[in-house]
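The letters A, B and C name the chains in turn, as written, and every chain counts its residues from 1.
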Amino acid sequence: MSAVLELRGVGKTFAGVPALRDIHLAVGTSELVALIGPSGSGKSTLLRCCNRLTEPDGGEVVFEGSPVPAGGAELASVRRRMGMVFQAFNLYPHLNALENAALAPRRAAGLGQGEAETAAREALERVGLGDRTTAMPDELSGGQQQRVAIARALALRPRILLLDEPTSALDPELVGSVLRVIRSLKEDGVAMLIATHEIAFAREAADRIAFLADGEILECGPPAEILDRPKSERLQSFLSRL
Amino acid sequence: MRIFFDAEVLAAAWPGICSGIGVTLGLALTSIAAGVALGLVLATVRALLRGAPLRPVGGLIAAYADVFRAMPPLVLLVVLYFAAPFAGIELSGFMAAFVALGLVLGASAEEIFWAGITSVNRGQWEAALSTGLSRGEAFRRVVLPQAVRLTIPPLTNRAIATGKNTALASVVAVPEVLNQAASVQAQTASPAPLLLAAGVYVALFLPLVRIGRWLETRFHIR
Amino acid sequence: MSEFFQTFLNPGVMAESSGLLLRGLWVTVQACLIVVPGGLFFGAGLALAQTLAPAWGARSLSWGVDLIRAFPPLVLLVLIVHGLPFLGIEPPPLLGVGIALTINTSTYYGEILRAGILSIEPTQWEAARSTGLGTMATLRHVILPQGVRNVLPDLAGNTLEAVKLTSLASVVALPDLLRMARVAQGVHFNPSPLILAALLYLALLWPLVRLIRRLGGRAVLPA
């Protein structure tokens, strides 16, 4: 299986404090990898190093066979094909759902207005919001907002989605709708790297789970192995506290 | 009391004040346009260079804003009009006033735009960049539209202040409303022209002041 | 370059005009000592009146405030200094300037203080009332101290504006810093005194600008 995204020895230090240490991790085509670990363990930093929103200070991130470029139009082009979904949605509050999803196809991918809107509309339909295209973000529920954010990433037809705790900011009854969308994307073969605290979801949907603690991947493997036969003490105590 | 509303004097003052209104409006509109444009350009440059190797440019822009916030507009105007000729720069009264008011408003506008830009959540930049937008596009399509909303009430107020400050131009012989009134007053030794001018200013600015107040409550960003 | 210095920062001219400029600076300081405390005093009165008045009273006060604000400060100044004598009132120039600029700046101080009062939660009023404090005592001991703290940056910002405003006094022949600089420039036919005066204003007000920044203030002041 060829890897869409591969981290080779990635490290990051904030003001002398290491947040990531020597991370090796690959995500294959159509694969869903879940990142679990206590808060502060480096999940967000790992995801943000992939598209260089956070600049890693060691190692290499390889996307579709080539290193992620440091900046400029080359980096922008990689970012288009690497969708990101944020914990707090980060929708553009001054744009409606369709405009949120059409902005990058139009202004980053350079599609015409019509094509961009078509791509955006299709993405919104895919997350079950085809009927809310003209809604402003503050008129939508948290779950709907997060689905618009997913559509914003999907409208660019990315090769992989990076999702940073996409359901952590949601009321419990809204979590299901977002997870359903993620599951259906997996069925369509979208590769995903997702930081999550939803262990049940990770068990059932993930191909592999990586456990992160203090910026290091302590264990990585199929859900059954990680969740049912944890080797390290850290993982055992992390799971027992859930 | 009659002396304040002397009909003959008022009639003599009226044509001058009317042409003064044109000058006042012309000076106000040009310096407001220039000042807002200057502030927007500077704040944009500062925002786009943030974190880049050209960071000191941001410091220079902030220093400009500080200096022109500390400088009384009249002092600046007087320096431009009376001192610049010694450097071979002869500015007409109108140009000197335009430059002074534009620079002062530019400094406030820069600060207001900058405050608006920095109050936009960092997550907005990150979301935009994560979809492959360039910094320029992210700024123009995502950050600036949100920033501008916050800047409308304070910017309106500074623009009104600039409009009122056109009266300073009377000091450098620009024939705007106050200057016209003062010259008729000097000829007639009557306060009537001044009162007429005051009435003109109220008619011009009272509606604007009310609008500014309304915007402040409407957008409420204390 | 040295020619530039000879013209704009001529040491001889600056030394000779320094006495004149210092006298002007003193007049400017005196004007500030009238306008800033005066503006705060009447501004506080205005804020209290607007807080305590019934709705229609507060509304008419706000129209009155806006009427004053519709005047460019220079127009208000000229009107008072050149208009009052026609009514047979001839205050000394410094007082005339003080009155005009105080009227102008107190409307801004008033609005800021009112915002400060309004920034205090109604529960503070209720708490004070429940201990038996009257309206004035509640305002004075509970509401104002907290409210003023909330608007300190804006108060400092308006004080900066008030000090800058005093430069207008030069227009009505008050021998303030700017006026004296113009006089010295005329005497020496050299712009150095003007530049020096501008630098003095900067030296005076730059620290205030920095202080406002430290307090978290913005140029987001009313017109």
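Structure notes:
In this text, a residue touches a chain if its C-beta (ideal position, glycine included) is under 8 Å from a C-beta of that chain, and two chains touch if they have at least 3 such contacts.
What you are looking at is a predicted structure, and each value in this text was computed from that prediction instead of being measured.
The most distant chain from chain A is C, comparing centres defined as mean Cα coordinates. Ranked by C-beta contact pairs, the top interface belongs to chains B-C. Nearest to the common centre of all protein CA atoms is the CA centroid of chain B.
If you average the CA atoms of chain A and of chain C, the two centres end up 55 Å from each other. The distance from the centre of chain A to the centre of chain B, with each centre set as the mean of the Cα atoms, comes to 47 Å.
In this assembly, the C-alpha centroid of chain B lies 19 Å from the C-alpha centroid of chain C. Touching chain B in their complex are the following residues of chain C: 4, 7-8, 62, 66-67, 69-75, 78-79, 82-83, 86, 115, 119, 160, 164-165, 167-168, 170-171, 178, 181-182, 185, 190-191, 194-195, 197-198, 201-202, 205-206, 208-210, 213, 218-223.
Of all residues in chain A, those touching chain B in their complex are 51, 53, 73, 76-80, 82-84, 86, 88, 90-94, 103-104, 107-109, 149, 152-153, 156.
Taken in their complex, chain B has these residues touching chain A: 121, 123-124, 126-134, 137, 141-142, 145-146, 149. Residues of chain B touching chain C in their complex: 3-4, 65-67, 69-76, 78-79, 82-83, 86-87, 107-108, 111-112, 115, 154, 156-161, 164-168, 170-171, 178, 182, 185, 191, 194-195, 197-198, 201-202, 204-206, 208-210, 212-213, 216, 222.
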